[in-house]
Each structure stands twice: as structure tokens, then as C-alpha cells.
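Two complexes, one shared chain (chain A), two partners (chain B, chain C).
Now for the complex of A and B:
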């Protein structure tokens, strides 16, 4: 099962060849009916043209974020020089005050005990491929810092034999390898020293982004840049977002028999709710559910149609402090100008973490507006007594996926569970769950990154442990004849589950669909003409 | 070594070690305020830490006082320090050896502290029977500490060298650290079993150091052990083995630091955000020197660097 050992300094050797490759028969096995490798679509290999154009020297996996091959040695050396300069800036108080203390502690105090490896779902799913150890990229980075950014580093590296060459192979592979991590921080939880490999991964991504200008297009150009310029990484402009949701209001009003109306730009409302615009496009039941619930509970609330105000995602969290702060400030400024009393996060995990905690210390003065999770907001409504529920309407097996950024990173564990225990008679937990959960495999921005063959990797490797968990949670009712609901209160998680479920045909084979928490709440409300949640494809 | 030689060697080495340790600690303390990066479970969360919950689970959390447990973090860290909780839970195969090593270190520290107390009590006229009991306890601690430590250090060297999971990631420095520790424990074992009354001689030596009795000398095995031990103390602050200091920061200042923005922080942040930023990517403000605040307030839709 285990591949022959990969050495740390292999990363700097033979820039043209992949360090490893993914073979489906080496991955940790899935249970029936997903255990037959020959029935699976397989792992796409690069075409000759792609192999020629794109850097693919890590594991043969590339996304549209793949780097183009440099033209010549000179260009390679330019990037190596930029990496070195970025590494030094990462260690400076002026350029990196934001994470300097966590970075230095994680660089300097790893005990090299490898305790964290078995906490990593990617490493486990890969069949314990050395390349995917959380410690592999961290230790390479650590030794590069020691050698190139610390006094007498080169001499000490030569004497000790802990010598890794900083060259094009190292730089290009480290860039790609920094996007083989979900930043879920399960490894950090297990570390006796408090070392955080996910933080080191993010710092690497930051170095590449803020110094070399390298970041996956889906996160930067088509992510934060598009969000700040147009309003959303989805490309939805304000008027289109508003039109779409107004259309959805009418559509769902007709379907449910409820009078659904979503308020926009209401100055002085108590609550500014910021959804992910991806929900409007891909999971419209989610924003509509919030409209139904807020109106039924008599909440004074609004959405914003300002640029950035209707999309709570903040991909800066995954790769870049500057973009993180810009997006967070954009959201806070909108709330300030509307004069709302608080901002409520939509069902989006990384929005929670970015806006409620990580960007908290960048939102000074009048930008420090109270921010609350949709989990506590919904719990308060559900148990507030203003809406009548009939839990029998949710009498189908339901399990809960814990988005890492809501649960492990923010400690919001119980509110969503109290709702599910109340409204879903067949609710069952996964193992492990809560703060010990596995990432869906789309964390760290990976859910929005896609082909060339990146989706194959996300589905087969990154999401594998979670997929096993989901199937195990419903193991008592495995067949498609029993309709089952995976509650995943996070857009990125739902996108990842959508990819996994489509890939393996999960709805057809197991009868499982993934959706949010608000949909389950609406489905349990009395007075609906027909069930809100449907296992049928929309006509 | 003469008595005065021991004084100079011991106190100067320990003095330099303490100064270095202090210096490295201060450097960590003086690192700038960072962005929040907490990680559940946080043991100070009263009533919630059991399952990893936080104050953010409260509806409109800012309207409620943050209920913190004083004993939660202490209990957690006591388990972590004394029982190596994280290794026990997540890396059971490594636990026996690392537990032996750490327990060995703790027992030797305890033995030395007891001997120091013994020396102080001796000067205050405490009855010899009491002092004798102390020395007997110290002897047991020493024997157990040296043996456990030696087993742990030797076992970890072998495990690092032979285990396919550990070998590729074990730096030379890691082996040097363990070898040095092994030398401390092995020399201690040798001294313990060759010196006629190990505990009494250690006691006399420490008493001599405290009282300024320059005539204090040591038998050769104990002298060798003392030199290795004192050199180790001097070496320690240059290494990552001061993780006992770093751990305060990784746990209390990062994993468990969930303090929301307040006025005091705003003052510090104002100074940090006023600093110039020199990142080179186009979107990060490479066109001209800007402060962090100016950079973060930028439009952010410049073309990406490449």
C-alpha cells in the first residue's frame, strides 16, 4: 500500500518529472457499492499538449491554476529569487505582523514526531503517500528558511546534511503542494507543540501570492479581485443578483404557497444577512429558506446589493492577507453605511472564520460591527416560538457535516445540533464529528478549483475520508429507496459534496442529497403546500 | 576542578543559559499582535470546552459576559506536560518512549530541587533525620529519573533511526539533542552506581555552591556527570528543546487566544498598520511604498502579477 519513501530533498530534484502519481488502487478503499475501481470514471491523465504547457511536476494533478512552463532558465531564476525575497518578507514585522508569531513558532518548534500525519484526511485517503504528509511541505519550508533566511544557514545546512536546494523544481512544487491541503487544521489539533501545518501552508500560499503574484485564478483573478470589482466571484453583478433572487422569490412563492419576499438595501434594518452568491446560483433553496424563516419570525432584516455586499465569501482567507482584509472591510463598510445593528453570516464556513475571527483585528473603529453566526441566529428563531414546526415532516435519515471553519475553527458546535435534534427525528451523528470532524475535501479554497484533473483529485483523495463517513452514517439504510439528507451548512462543502455525489452517482445508488440547515427548518414548518426538500431533480 | 572552579563554571554556565532563555522568551513576547487564529477545543470556555464549544455559540455573544474557567487551561496543560496528552491520544506508539524521557527529566529536576531545599534547610538547623529522609527520597528520584530518561533517550534515537515514518524527517540536530540527553542520563546512572553515597555527595556539592564553600570537590564520576549536565543546561536555550517556553505561546497566545478586538488592541494595531509594506505583487501595492492600512484599503482589482 505504502509507496517507497520520499526524501525531503527529492523536492529539488528533476524538475521535469512528477514526484509521485495517484493510482486508485493505492487509495484507502470505499465501501460497496463504491468499491469497484473498474466501475469508476478513473483519474484523468494530462494530454500531451497539457503536459507540455503546464507545470505538472508534483503528482501529475493540475488545476486551471497550474503554472505555465517558464520560457527559459532566466525566468526560472527570477522566480527563485522572488521566492527568496518573499521568504524574508514573511519573516519581517513590517510585512507580516499579521501572522509572524504563529509562523515563527510553527517553524521553530516542530518536534518532528509525525503525530499530525494520521490526523490528515488527505494523507490517510492517499494510502499514506509521503508527499501528502502535513509535515512534508512544512519541513521543506522550514529547512529552506533555516538555510536561506537565517544566519550561517548555508553552512549549517551543509554541515548537518539537512540540505535542500532552492531551485525551480522546489519553488514550482511547493506552490502546487500548497494547494494539496484543505487548511482544515486537524493536524494542528493533534500537535503536542501547538505547531500548525495548515498555517505554514497558508503562509506559503501568501508568499506566492503577495510576492510572486501566483495564486489560483479561481481564488484571485476570478475570486477576490472579481468580488471587489464586480461584486462576486460568481460574476453576478448587483442588479443580476437582485433580479435572480426576486425571480426565485416568485418561483418559490408559487411552489410553496407562501408569500416570499426578500428585502434589499433597507437602511436601519436590525440585521444585514450576507449569503454566498454561489448559493443563489447553485443552491437557491438556501437563500429562499432564510427569507421564509426571517419573515415568518418577524425579523427586521435586509440583504445588500452593493458591490460585494451580497456575497459573503472571502477567498483571501485561503491565500492572501491583503485580499482578506480588503474583502472584510468591504463587507463591514456596507453594514456601517446601512446602519444595521449586526451582520449575520450566511451558511458559509469560511465566511464565518474570515469575518468573525481572522479579520476581526483589521476591522477597527466604526467597522467593528457585531457579527454573528447563522447557526445561533437560526437557533434563536427555531426555539423562539414564533414559528410552528412539525418535526414529522423531516422524518427521514439526516446526518450533519461539520464545516471545519464553523466548528473546529470557531467552536460553534451545538446550536445546529440542537435544531437538528428537535426537527429531525432520524438525526444521527457521523464518526468522528464536532471539532474532530473530517473536512469535506473542498476546504482551503479547493472546492472552487477545478479541472484539468483537479476535480478527480478532490473527489478521490481530498474528499475520500468524508465520503466514507457519510456512507457509514447511513449504513443502516444504505439503499436508494430510503431518501437521506446530508446537512452541510456551508456553500463550499455543498459544492464539494455535489462533485463527489455526481462523480459516484450517490443519489441514484444511495439516495443521499446534500443541502443546508435552513432548508430543513423550512421543510418542518407547518402550512407549506408541499415538502420544501425534494429528492427529485428540478424540472 | 577546584572548588572555586566549580563555582565559576556552574554559576556562569547557568547564568548564561538563563539569560539566553530570557532573551528568547522576550523575543517571543515582543512579536507583534497577530490576527486571530484560535482552534477548538479551548479549555477556558466554561461549560463548553468538553465538546469544543466557544462563546460564539451564544446568540448575540457580544451581549453576554465571556464565562471563562480559570482551572480549565491549568488542568489541560497539566495533563499535557505531565502525561503528554496529545501524544497519548494521537501517536500511542511513540508515547512510552517520550513519556519515559520526559518523566526522567522531571524526576531529575525534582531531585535537584529537593537537594537544593535540603541545602537550605541544613543551613537553618533542621534535624539531620529530616535531611536524611530528603536525601533518601532524592536518591530514589535520581535512580528512577536516570533510568527512565536513558531508556527514553536511547529508545527515541533508535526509533528515529529505524522507523520509516520518523527517519526521513529527523534532522541531525534532533539526534544531537537526544544524544546529549542520553549522555546526561548515562553519566548520571554511572555516578549513581559508582559513588559510595550519591545523594549525600550531591547534597554536599549543592550546599557548597550555596554556601560559597570553595573547598567543595566531587568524585570523578559525579564530576563528569555534573559537567555534562551543566553543559547541557548551557546548550538547551540554543535549541528547540525550549518548547516548554514556546508551548505557552502556541497554546495560550494562538490556539486559545479568542479575545475580540478591544480599545487596547486598536492602539497597537494602529501602529502596526501604519508600517510600510513592501510586497512585490501588483495587487499588494508594489507600485509605491504604502502602509498596511493603505494597502488593505486599496481597490484590489489591479492585474495580478503573473
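Now for the complex of A and C:
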């Protein structure tokens, strides 16, 4: 049950009981026609069987079935010991080459002002549930560090009177709680001291993965591990990737009347373009649009069918430094072997952040190949004069979602807007937008996690503020008869919007579809016989 | 690991009810899944889609793109939702005994 005023040390008590529960009528309300709770899909509760097998002591939501109930006290204590040793490693420069300094600063400098809470879309959407305050998770972690990893910590903690016990309840809840954050860093941006709660969350996930071997299977076992072995977390093999794109080249050539051809493995091309493989499978208009645009602009470019070369995702960013570095090096080695001048990253936010900043220090020597965002790449093409456009073809309401990793975290704000202002006569901004945007709710790896009842949480809670924003941006033309386009230049964001739109019936009730940026560019090209963007299902 | 009883046998499934050992699939398993979603009879059209899905998965290690499924079966998305109440990914893949699609799909 939801407790008013959840205390920090509640996290270490009653290991079997959830600390809170999600009830739809406690969440911040949605506007009409989405305001009737009885018309919404309910919040799935665990079955009796699931409740017996799976740890669910946080909020009744289970993000990953990878955490079974421990068999006995001994097993519980083993995990507690591992957590303690992992925590000490996080604080040592030998073991934490990536984030030690910002971690220490974020541990030491929180002034407890709570300003960040009102910046967090999850906390706001939840109806201000204490459990989801960015500072709740961080402060628990901070106090554990103080108590167990600093000199005289235990004594000082005892004297303080409200110390937190490091036990099975604390460890298992912190694990789940580290997956109730989108790592969007809106809180960090609002902090007067520069404390980064998202970083603390991510370091917790790293501790669990690298020391306890706990990570959501969608991110690890069926994520980075599958990518390094087969080529993609989707399971898409190199030969199947090529075969699929060949099918799409033909299928879209037929549909558009254009001669679409996607080049593969061209040594010495100027540009290696790395899409996300999920775009090939689920949003094929995106990779096809890039093929059309690059060819029309006369770019020397290629895709790669090496293992990992056709899927730019790097889930390591979300949970594990070692996997992050492995995937990033895999991408860079492919580019080096092809001899390209630069790598262009497709419409995928976390690929941008992993490859442009976090993995930068692992890419030295001949792996230090220039990497460019598709936002600037497309901008240069659109304004380069080689392609003729008729913006009247995009005469429908368009709004722009800012993927956190591209915009807030890398500062790539204007290129995509300059394209939309030029090519979309009815472009309108959301409020707030740019670096102040709300996350789609799928950030931090959450969009690929769908076990048990996690999708309910990420749609109803994590995506709620964003959904309100999208509806508000189109409030002047709310009905389904007006076809509207939400431009979301990031695969993970599109997946999250797909879930939100399906849950609430958004296409039927509001006429909104979500897609990428490249599709709008192709749709505005002169010479296309019929519109490229369609609100109809593929026939 | 969760388990589910289908057509008189017990199978390992994921938390969403997808079979984990695809080799153990049979047509009766497909019928049992369908019954759970209130589809009492599998028609020729169901089988066309299910067999295409399953064969494609066994050859390629992944489920086919929706566009491909539509082209190969001749059923549009609306038709696929008529046949499979939760849609091609959530129902048809499950009934065909192949694992739930993962990754960014």
C-alpha cells in the first residue's frame, strides 16, 4: 500500500512486502478523451504463481524475471556481501575508470534541497509518490556508502539514529528501483549543485551487473551478449539483415516508383551509416528513407553486414561498462576495416551518447574515427541544394520529440528544428522542449523491457508526462480526422510511443502517428508520385 | 521459469506465456494457445500465417518483418488482427511456438 511519507530506512524493512502500489486514480490525470480510467487498460497485477516465484517487494511491478526469490538466508547474505564489495569497487579508481569523479561529486554535494524532484517526469506522473523521488534512491545509496565504505561510518550511522541496514530487502529493492529511472538527466540539469542522480542510478545498475551478475535479460543476455554473438539484440543475423533490406528496397521501390538501392560493405566509402536493427524490422520506413536521401544527395556511403555493424544500439550504456566498451569497439573496428572517413549514427539516441561521449576514451589510435549525428548529417543534405523539396507536401501538423540522449545530453538541439521549420509548414513545438524536454518514458533501456507487468508501468507512469505534452501540442486540432505526425528521431522513443499509442488507442482517437525525421524529408521530396508517409496500415 | 499447461502437456514459457523450447511445438499447442484467447477453431488462414511464421523463424532465427508477413500471406494488418486477437507479434508468434521478439523491435 502507498504510504504517506515513505522514510529512507523503510527500504530495509519487511523484505516480503511491496513499499508502494500503483493505482491509476492516484496518477496525474490525462486530458480528455483519455481521462476515463475505466476505459484504459488496467494495471496488471502479478498472478499468484508469479508472486510466489519472483521478487516483487518494491512497487508490485517486476521489470525482469531474472531475480528469483532466494532459497535461504545464506543466499541472501551472499548477495549482501557482493553488494558491499561492489560498492567499494565503485569508489576506487582501479575499478571505476569511467565515472569515479562524477560519482564522488554526486555523492558528496547533495544539499537536500529537493529541487530535482519537480524536474522528474516519473515522480510528477506518479502523483508525487515518494519512492520515485530522484533523491530517494540516491540518498539511500549515499547513506549506505557513508555507513559501509567510509571510515567510522558504522559508528556515525548508529549515532545518527536513522541509519539504513544493508540487508536483502535493501539490496533487492535497490535493484528494482534502479530500473524505475529513465536516466534522462532532467534532474541533473535542474540541480543547483550539479548532482547527477541519473549517474548514481546508472552506477547502481553497473554494480548489480558487474558484481552480482544481475541485469534485465532484455539488456544483457538477450541484449549485448546476443549482439556480440549474433549481430543484434533482435537476433537479426548478418545474412538476414541483408536479405531484409533487399526485400525492403524492392518493396518500397514498387510502392514509391523510386529505384531504391541500399549499398553494403563498400570498402573506402566516405560514410558508414549504422542504423538500429530494430528500425529495419519494425520501422523500415526509416532505413529506406536514409537510402533514398543518401542516394539522391550523391553521398558515398555504405552499411556493414559484419556482426554488430548493422545494429548501432549499445545497451551497455544503460548498465555495464565492460559490455559498453565491447560493443563500441566492435562498431569502431568495423569502420576502421572498411576505411571510411566517418561513421554516421542513425536515429537512435543512446547510440549517439554511447558512441560520441561515453565510449570515447576506449576508442584510441586507429579506432578514433570521426562520428557524426544523423541530425547534422541530414541537415547538411537538406540545405545542400542537391535535393529539391516541396514543403507543401508536409502540410499537416507536426511536433518534435527531443530524445534525451541527443538533445539534453549532447546539446544537438537546432539541426533537426531547422529541417522541420523548412519542410513542415505546420511544425509546432511542445512545451517544454529542447534541453528541457520530458523523456518519452522509454529511456535508460526501459523501452526494450517488457516482462511481467513492466510495460504497464512504463506506459502509465514513465510515459505519462510526455503523452500529455504530445496531446497539448496538437490541442488546436485534436480530432482523429486531422492526421498528425509526432517526429521522434530515436528508435527507443518510437518503441515507447508505439506502446503508449496502442494502450490508449491514440491513432483512432487523435489521429497521431509517430515516426522519424528522415521520413519527413523523403515525404517532401519533389518527384514522388504519392505520399511516403501514410496513416494507413501497410497493405 | 514459468510453466504452462497446453493440450495436456506442461511446457516452459516466459512470463508472457511464450514457449521456450520451440522444438516441442505441435499443432495442438497452437490450438490450445488459440483457445486461451477465445479462438475456438483454427482456419486455413490461421495455418497459412502460423506455418509461414514458424518456417521463417526456424530458417532465420528471428520472426519475419510485418511487411514481409503481409506480403507472403496476402493478409493485411487488419486481417491479421482479426485472425490473431493480440496481433502478429503477441498472438501469432506465440501460437507458432517461437520465442517473443526481443531487442528494439
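Everything below uses one rule, namely that the second predicted complex is superposed on the first by the 532 of 539 C-alpha atoms of A that agree within 3 Å, B and C clash if a C-alpha of one lies under 4 Å from a C-alpha of the other, contacts with A are read in each partner's own complex, and residues count from 1 in each chain.
Definition applied: a residue touches a chain if its C-beta (ideal position, glycine included) is under 8 Å from a C-beta of that chain, and two chains touch if they have at least 3 such contacts.
On a predicted model such as this, the values are computed, not experimentally measured, just so you know.
> Identify whether chain B and chain C fit side by side or clash on chain A in the overlaid structures.
On the shared chain A, the partners fit.
> Mind computing the angle chain B to chain A to chain C from the CA centres, in steps of 10 degrees?
160
> Look at the residues of chain A and decide whether chain B or chain C touches more of them.
Result: the larger residue contact count on chain A belongs to B.
> Of the partners chain B and chain C, which touch A:505 in the superposed model: first, second, both, neither?
neither
> Go through the superposed model and pick first if A:70 touches only chain B, second if only chain C, both, or neither.
Neither partner.
> Once chain A of both complexes is superposed, is A:33 in touch with chain B (first), chain C (second), both, or neither?
Touch partners of A:33: none, neither chain B nor chain C.
> Regarding the shared-chain residue A:531, is it in contact with chain B (first), chain C (second), both, or neither?
neither
> Looking at A:414 after the superposition, I want to know if it touches chain B, chain C, both of them or none. Which is it: first, second, both, neither?
first
> With the two structures laid over each other on chain A, which partner does A:391 touch: chain B (first), chain C (second), both, or neither?
A:391: touches no partner chain.
> Examine A:233 and indicate which partner it touches, taking first as chain B and second as chain C; both and neither are also allowed.
Touch partner of A:233: chain C, not chain B.
> Which partner chains sit in contact with A:18 here, chain B, chain C, both or neither? Use first/second/both/neither.
It touches nothing on chain B or chain C.
> Smallest separation in Å between any Cα of chain B and any Cα of chain C in the superposed model?
13
> Residue by residue on chain A, keep only those touching chain B in one complex and chain C in the other, then list them.
No residue sits in both footprints.
> So in the complex, the part of chain A that touches chain B is made up of which residues?
Its residues touching chain B are 5-8, 82, 85-86, 89, 93-95, 97-102, 104-106, 108-119, 130, 135, 139, 143, 160-162, 185, 188-196, 199, 209-215, 220-221, 224-225, 228-229, 320-323, 325-326, 329, 342, 356-365, 368, 370, 372-373, 375-377, 379-380, 407-415, 434-436.
> Inside the complex, what are the residues of chain C that reach chain A?
2, 14-16, 60-62, 65-68, 70-71, 76-78, 101-105
> Going by the contact rule at the top, pick out the chain A residues touching chain C in the complex.
49-50, 53, 62, 65, 218, 222-223, 226, 230, 232-237, 240, 243-244, 247-248, 251, 276-282, 284, 313, 447-448, 450-452, 491-492, 495, 537-539
> Under the definition above, what is the set of chain B residues touching chain A in their complex?
Residue list for chain B touching chain A: 28, 31-42, 45, 48, 51-62, 80, 84-87, 89-91, 94, 98, 164-174, 240, 243, 246-247, 249-251, 253-255, 258, 260-261, 265-266, 269-270, 272-273, 275-285, 292, 295-302, 304-306.
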